[in-house]
Amino acid sequence: MNGRSNETRRAVEAVIMAAIEPVEPSMLAQLIEIPTDDVEALCAELAEEYERSDRGFVLARVAGGYRFQTHPDLAPYVERFVLEGQNTRLSGPSLETLAIVAYKQPVSRAQLGAIRGVNAESTLNTLIQRGYVAEVGHDPGPGQAILYGTTSTFLEQMGFDSLDELPSLAEFIPDASVVEALERGLHLRPDPEPPHAEAIELDASTD
Amino acid sequence: MNGRSNETRRAVEAVIMAAIEPVEPSMLAQLIEIPTDDVEALCAELAEEYERSDRGFVLARVAGGYRFQTHPDLAPYVERFVLEGQNTRLSGPSLETLAIVAYKQPVSRAQLGAIRGVNAESTLNTLIQRGYVAEVGHDPGPGQAILYGTTSTFLEQMGFDSLDELPSLAEFIPDASVVEALERGLHLRPDPEPPHAEAIELDASTD
Amino acid sequence: MSYAVRTSTFEGPFDLLLHLILRQEVDIWDVSLSELVDGYIEVIERMDHVDLEVATEFLLIAATLVELKARRLLPGIASIELDEELLRFEERDLLLARLLECKTFQDAAKIVAQRLERGGRSVARRAGPEEPFRSLAPDPLGRTSLEAFTAAAGRALAPREDPVVSMHHVAPIRISVRDAVEVILLRLPDQGPITFRELVAGIDERLEVIVRFLACLELYKQGHVELEQIDNFGELVVSRCDDPPDPVLDSVSLDDWGEEPGSPETDDTETDDAETDGTETGAFALDAPLELSAEGADGEVRV
């Protein structure tokens, strides 16, 4: 847009290039002395411009700020360069624990164990080691259990601007057919007959 | 030039963007599988392109390699950002890792991970980058793990004359009652034999 | 830094149960429980090492299932009273709720995995500012006080709480149903209802919650409290009965829950023991419907 000088745009590029972490729009606004809204608009324009001119990098909005990062298309080249399979995949159980922490944070080990059932310990340690999860405080209650939550590294890795971008947990609640299947599996038959009876009754109806 | 595909150009941009140190042309050539001369030509083109489209960053050839850096015009903004912006304090985790290195040096990454338990990898890299920690030798044992210790920069910044000035560790190691409470947390009873082999190892870690 | 390598598809009893039920490979009540146990043991044997938590938790679930199943086999079940039946549903619902929760997070984890994978394809620029800006930046360590540094050392080098091996299933939980009954009677308001959730607020020991739940059932049986749960998964509301049939608690019935756990017996290593123990102590008598799981909670199910 014409309202903003060329220098403003260039300053935004320079500052983000010099940063190590995502730069918050408010920080850019303060440095360059323009309204935060303008920063946001400017960054959106820049991102689009890079995309249009088919650059090998993108201007991404993650963890509450802007940063330059490589275009996902070029992962094969970048991975060869950024040694050590830094991106070794998390195991299924670790992912589940991570999902629970993400949705239930702040959460104690005991609470995690109650939901996850087993192995919460070792998977949580893996996640802490990866920097996805960290201590975020103590339970005010007796025992003062350590509480855990996700980190900005987690947001950065997910490519999320904030936790609000997590899809609602409601989306994953099993639908009626799953619930029914489970209920069938767990059914209690009120009939006096021994279990060899053929009929499979859904006695949930007696509720 | 037409001879080179768009992807090659984008790959060069991506790799340089991901790098922390300037990337040597030979390295780029090897990664992208093109002759080194082509890399040089490509980078010259890219530098010109950024200049022409008036970007806030430049592709500079420094120390025998290529890297993105801020455009000299924009120095005032970058200066202000560096002075007021991010990274003016060490994060808690970084400081903790630094403390371990200071007290336990020389120490390997594996040992660090065992003590720290969390994210030692990335915090150690930060500390090396800042010049507080450096390689000081190799473990004589098998594997020859790299050992790390603190640098003279560390001493200077902490205002220490020598490492002898580090306060005695005993001052902050929790007293016996805390250790006991932790052991109680393990739910271990004075059983004649420990319920699980792991418990022995864990106990050992409290000394 | 070695992590346990997971060689199996199933991470725990809930995963396994979920899988079995959803594939309709098994109707929990029609399959012999030993089949389930065998299947599980097979899974455990394929693991590199037996995970204590996995194994013990499975025994707890198995014990609950045995109990539910055995109760259905008892003669005279037709004459079972409505409240008995409701109790069975409640128990079933607890299991169902946990299975649903397990499934929910399994699905949520898939999205997290997708996003992480996508995010992992980009690498952020971390080079930071070049010289001369780099040396312009104030040295962060120079701004760190000695106090902050030593505090960090204390945090980092203190014996960590983290490597706690949870032995909750192994070490007997000290609280008994009898104790829990007393606690509940103390905490129940003289008038008006209180939710079960409030009764267990602040307790994060799962078995303790279960014991408190069992205590509620016991009080209900003896006519000291009313229980109400309007919806499936809804709040369980507990209120004191104005005129219990016998103001004095039936001590014999309380004893059915087992004595205060003393020193643990040593050799209950087999799953079969859970079954035998239960039967021997009259666990399936209708007036103590949840005895077996209570025994499990009180530490008789051990590996």
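Letters A, B and C name the chains as they come in the text, with residue numbers starting at 1 for each one.
Rule of thumb we're sticking to: a contact is a pair of C-beta atoms (placed from the backbone, for glycine too) under 8 Å apart; a residue touches a chain by one contact, two chains touch by 3 or more.
Because the structure is a prediction, the values reported are computed rather than measured.
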| item | value |
| --- | --- |
| Pairwise touch network: line, ring, star, complete, or other | complete |
| Chain separated most widely from chain B, comparing mean CA positions | C |
| Most centrally placed chain - per-chain CA mean versus overall CA mean | A |
| Length of the line joining the C-alpha centres of chain A and chain C, rounded to whole Å | 27 |
| Mean-CA-position distance for chain C and chain B (Å) | 41 |
| Geometric centre distance via CA averages, chain B-chain A, whole Å | 23 |
| Touching two or more other chains - residues of chain C | 1, 123-130, 133, 161-162, 164-166 |
| Residues of chain B touching at least two other chains | 14, 17-19, 68-70, 78, 81-82, 87, 113, 117 |
| Chain C residues within the chain B interface of the complex | 1, 52, 123-130, 133-134, 136-144, 146, 148-168, 170-171 |
| For the chain B and chain A complex, residues of the former touching the latter | 6-7, 9-15, 17-19, 23, 27, 31-32, 53-57, 68-71, 73-74, 77-78, 80-82, 84-87, 93, 113, 117-122 |
| Parts of chain B lying in touch with chain C, wherever the complex brings them together | 14, 17-21, 60, 62, 67-70, 75, 78-79, 81-83, 87-90, 92, 95-100, 102-103, 110, 113-117, 130, 132, 154, 157-158, 167, 169, 171-174, 178-179, 182, 185-189, 195-196, 198-199, 202, 205-206 |
| Touch list for chain C against partner chain A, complex | 1, 3-4, 6, 11-15, 18, 20-22, 24, 26-30, 51, 53-54, 57, 68-69, 72-73, 77-78, 80, 85, 88-89, 92, 95-96, 98-113, 115-130, 133, 161-162, 164-166, 202, 204-206, 232 |
